[in-house]
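Inspection log for the structure reproduced underneath, given as structure tokens.
By written order: A, B, C, D and E. Residues from 1 in each chain.
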Amino acid sequence: MRTALAPNPAISPATDPAMTTTEPAAASQMPGRATAPAYVSIEGVGKSYGSRHGAVHALAGIDLEVREGEFLSILGPSGCGKSTLLKCIGGLERVTKGSLAVRGQPLSGPPAKAGMVFQRDVLLDWRTILDNVLITAEFLGQSREALKPRALQLLQRFGLSGFENRHPWELSGGMRQRASICRALLCDPELLLMDEPFGALDAMTRDDLNLELARIWQDTRKTVVFVTHGIAEAIFLSDRVVMMDRNPGRIVEVMEIDLPRPRTLAMRETPEFGRYVAHIRHLFAGLGILKEG
Amino acid sequence: MRTALAPNPAISPATDPAMTTTEPAAASQMPGRATAPAYVSIEGVGKSYGSRHGAVHALAGIDLEVREGEFLSILGPSGCGKSTLLKCIGGLERVTKGSLAVRGQPLSGPPAKAGMVFQRDVLLDWRTILDNVLITAEFLGQSREALKPRALQLLQRFGLSGFENRHPWELSGGMRQRASICRALLCDPELLLMDEPFGALDAMTRDDLNLELARIWQDTRKTVVFVTHGIAEAIFLSDRVVMMDRNPGRIVEVMEIDLPRPRTLAMRETPEFGRYVAHIRHLFAGLGILKEG
Amino acid sequence: TAQEKLTVRLDFSPWGVHAGMHLAKEKGWFKEAGLDVEVQDGRGSGNTLQLVNAGQADVGQIQLGLLPQARANGAQLKGFAGFGRRTDLAVLVDKDSPIQKVSDFAGKTLVVFAASPWAPYIDHWLKQGGLDRTKTTITFVDPAALWGTYTAKRADGLMSTEPSAVPVAAATRPSKAILAEDAGIAYPSYGLVATEKTIAAKKEALSKLVEIQQKAWAYMRDGKIEEGVDAIVKQRPDAKLDRKALAEQIRLTIAFFDTPATKGKPIGWQAESDWEVALKGLEAAGAVKPGWKVSDYYTNDLVK
Amino acid sequence: MRSTLHEIASVLGVIAAAMVLWEIGVWILKPPPIILPAPSVIFAEFLQAPSYFLRQTAYTIYTTLAGFGLAAVLGLVLAIGIVHSRLLEKTVYTLLVALNSVPKVALAPLFVIWMGTGIEPKIAIALMLALFSVVIDAVLGLRSVDPDMLNLARISRASQFAILRKIRLPNALPSIFAGLKVAISFALVGAIVGEFVAGSEGLGFAILTAQGQFDTPRVFVCLLLLGLLGTVLFYLVEGAERISLPWHVSQRGHASGH
Amino acid sequence: MRSTLHEIASVLGVIAAAMVLWEIGVWILKPPPIILPAPSVIFAEFLQAPSYFLRQTAYTIYTTLAGFGLAAVLGLVLAIGIVHSRLLEKTVYTLLVALNSVPKVALAPLFVIWMGTGIEPKIAIALMLALFSVVIDAVLGLRSVDPDMLNLARISRASQFAILRKIRLPNALPSIFAGLKVAISFALVGAIVGEFVAGSEGLGFAILTAQGQFDTPRVFVCLLLLGLLGTVLFYLVEGAERISLPWHVSQRGHASGH
């Protein structure tokens, strides 16, 4: 079941007609990616958190397919349930409604070969940075020694050379976050779940890592679900962008990004790119999330 | 002593001549703000963290004045010492070299009437969100009851209505960060230190809060030192932008932002704004921090 | 030939009543008789009684007067030799105190430890002087604190036994003893106990043990108290014992050996009539129920 | 509320099950009652003089709670002092460690000699036994503060007292409660040790008297009452913990299961 | 290294200062030596038979360490079981609480009756006294895990065992060490209690013997040796903590002062 909500009628007339949103018809025009088998299928998923002060409906009626080898971004206002959705896909939170399947298997607990970057860098204070990265190997029962060169290489690629033997509290916020990305990448997961991995990074480093991530994805064709709050970042990296709104957390539109690959930072200055940005801004403005100053 | 390093010679020829960087001559052309008395004076400040693996020079040779009532942003790559500098200004870290003064008084411990938003939202798990915000009042010995309406109003302005009585772990990352901003604002500090306060926020909410912050600043003329990783955000909000580089952490340029106030989001689309962005990007590119893809 | 092993557990840490065992060891009399005797210090007669009953020691040297109550609660022990056949229970008071008899304790404070042989008799004894616990304060204190409390003069009297206590008190609070027998209390004192099973199974060895003890006590009674003192000090080199007190303890122990009913009988031999009186006293004090048989508590089979 | 009742029921269930196992064990192995009586015998013994046992229990509860209360207050005060003052850390802490290593059973006689045979030495012993774990755990808790939380307070120029009250103490509560849970158990033990050494009331005294009379069933009535009393007191502290710490992960995990 | 020596020197300094105060107090107040002897008297007493005292100390150390080691291992195993199994929490935890409320001084005679007068009952008593604080503190530590750390492990489908070894245990270490610090003290107390009840070696036995002779100075030699021994053992555990936990805030704060 390939799904997207119809664009919100209130804003849909403003949508640039060149934009491909995944209404079934539109999607079928792009056989290459669109027909890739579903890696994650989400049907009618809802998630409520109970508490003394009544329930919070973090997610309601989520229908979505993450296709194999696809780079999917999730955009949405703070508190709309992005992290919750990612945790549900990772089998870390139980859904209270609907069903989730990974490769056709109903989900009960975390799927195999998944990796996750958490919104808070969850570094272990008692381990050095290198050991924090290597813990993934330990958890997966792979050889620490064999993966050490890869870990060092990742740390270097993410600008952390020289900090391998330091402890997390000796690093800046952005450095901690980068270390946690290295950790998720170490064992080459098939399904990569990333919750605002570049949130604590400056624009410069961020661009850099966007390129790095795009390259890694290009080389390995992992299935990536990427939560971000950067519109440009989402467009730059993704095959599709999911837009969400809150109260309750729900999907308002799924948009295909039809830019050639490999992508360059310069593409961000192109009119197509600008149209995508404008579309998303317009959509959120229509939802009252974005105010024009 | 009003100071800025001369622009890095390697990149300075490329600088748009229309841009006002604070070379003494340029600064004196703008008597209004430039002659405001110094609120914070930083002279030759250095800060090293020792450890078993040798010292890290987080800051070296920092000379800077933060003028009274000014909105100053600090931009720089991850790990360049932005947080460290902010903590030094806040009297929370001892400098290992040079001297710091606030209103002419050498700094020994946190200055009076300062407020700070930390890079990690430091919410107290045992307090509700409202009580987390009110803790500032308690610390300053002001009446909780008297400040409760203000706290509720701040929470509402930052989109946290309905979550007053929840505990921090029931909030999303962005919501937590917003709560910690409310906390810093509660008692109307004269000197506001903000360490990437909008880091965990989506582009939409962020724009919103940029406007909110600009309005608050406009109304109260606090002295604000604002660490950010958003170039546009820095330009949009600031009177001056400080650009830093790392290894060791140092200032490479201080740039006056000469856009009219009050500012609107639309200004971000203007060519002047674009030139500021381009200048900064170019500067960092010249430092090898920013790669062009 | 292989020596027969026997474990003898004493009542407390070293004092004069242990002289018989230590002298025999020092002189090598056990070895001569083919016995390998291990002598352990104890933590009170009651504790030793429990351990012997549980099979953790073969023989206990304890106050035999505890047996009736122990048996009433299921212990299977018998006394097979009784040395201190006369009642030695006493209340210590200052040497120059005017106190002479029970009634003189009105308004006084007495300390005693809870597991003391005194315990069942306290009310009975007070009654002999027309007193009760409202008129005389009885405070229970751990053996370890008992002496300190008494010597610090937090109490007027200490309920104990004359042979053990009076010599020790001499150094810190010179005292005299008001004897319980003056108030009509009869209570068999130190002797040897074992389970009925052990008595049956190790009859030979136990007989030899009794014989050697008779020899040791007779030896000391006949003017060799100092050798008894030497033996204890040699056997317990680390205990820093006070020789003078030990000698006096031995002397007093021997002074309490005989009742009229045992005059001329061998050391260790117990008289049925003494036990009858003791049990009647215990019954009157409510410590044993009627229906007792004296033959349950002792045997003279091993005494030659 | 319902889950609390449930909790109590399950604790009682476990204790009851242990009793049944014990009873069966005694039937099969038939140890002499002077060594190990059956629960049924113990229970019968209790029913012979319930008011006597309950009176002794009440006295022991009083001593225990007095010692525990003092230990909690004094322990917290000491821990706060130790965390704030290098000098106190060096002196009080060291002396406390040394003092705690001296068994109270050995000190008790001195206590009696110094303080007499009233309730004071018993409370003092309960206090001393309970104090140590309160101090150690509170010190750990008070020290384990996220440095940024302290920065948060310092930027508002909060007084040391405010930092203590609003940051360090609430942050230390889980640890403090762990200390208190150990302390309540040891306060009870201390009260009994005190009653052993001197006095004429309380379960400790009742045990001693019964031991003196070789009345093992009666000893066991007291031991079981002690076990029961200790369990009740412990779960009262744990209840107080749950009410005070709904925010802590150890409690959150607890409530929802794993 | 230098700071460790410094630490040791300052601990010894405090103890020495306490002794001097005590000596002066005795000079002024002149209590009878049977109640409180002066340190000089106690020291002279020690010098009369140092080898005797050291022999008894060695025996007590052996018992203490055996009991402590067993308590540490068993306590950790129980805590792990309690944290992972609802059933064990209900049963073991409850019984442990009940058992810990029964004073070992009261149980000790039973232990001796069951296990004899050798070293076993002493180790058992040391174990039982030390066990409780290990379990309580380890349970707190093992439960106080950031939920996201567990998520980190779960996303890699780490086994329960790996989660325990790589997350829960290292995270619990500060708490476990607090428990061990209380435990080492109580293990020593337990060893002495055991020696009180039965046996013919160790400092507890030496105290009893000396008490039997009303030799208060000798009692105090033993008490002081116990205090010293307890202090040394405690600081050994604290040293192990410092070596194992350089990463923990409580230690970081400690190292740099406040």
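The definition used in the following text is that a residue touches a chain if its C-beta (ideal position, glycine included) is under 8 Å from a C-beta of that chain, and two chains touch if they have at least 3 such contacts.
The shown structure was predicted, so the numbers you read here are calculated from the model rather than taken from an experiment.
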| item | value |
| --- | --- |
| Each chain counted as touching chain A and chain B at once | none |
| Chain C reached from chain A - shortest hop count over touching chains | 2 |
| Higher-contact pair (C-beta pairs counted), C-D versus B-D | C-D |
| Distance from chain E to chain A - Cα centre to Cα centre, in angstrom | 51 |
| Centre-to-centre distance between chain C and chain B (centres being mean Cα positions), rounded to whole Å | 88 |
| Interface hub residues of chain D, defined as touching at least two other chains | 35, 106, 109-110, 113, 146, 196, 211, 248, 252 |
| Two or more partner chains touched - positions in chain C | 50, 54, 144, 148, 152 |
| Residue numbers of chain B (touch at least two other chains) | 120 |
| Pairs of chains, among all present, that meet the touch criterion | A-B, A-E, B-D, C-D, C-E, D-E |
| Residues of chain E touching chain A in the complex | 146, 148-149, 151-158, 162, 166-167, 170-171, 173, 245, 247-248, 252 |
| Residues of chain E that touch chain C when the two form their complex | 32, 34-35, 49, 52, 109, 112-114, 116-117, 196-198, 200, 206, 208-216, 218 |
| Complex contact set, residues of chain D against chain E | 10-11, 13-15, 17-18, 35-36, 84, 86, 90-91, 94-95, 97-107, 109-110, 113-114, 132-133, 136-137, 140, 143-147, 174-175, 178, 181-182, 185, 188-189, 192-193, 196, 204, 207, 211, 219, 222-223, 226-231, 233-235, 248-250, 252-254, 257-258 |
| List of chain C residues in touch with chain E within their complex | 12-15, 40-41, 43, 47, 50-51, 54, 56-57, 143-144, 147-148, 151-152, 168, 171-172, 236, 238-242 |
| For the chain B and chain D complex, residues of the former touching the latter | 87, 90-92, 109-110, 112, 114-116, 118, 120, 122, 124-127, 135-136, 138-140, 167, 169, 187, 193 |
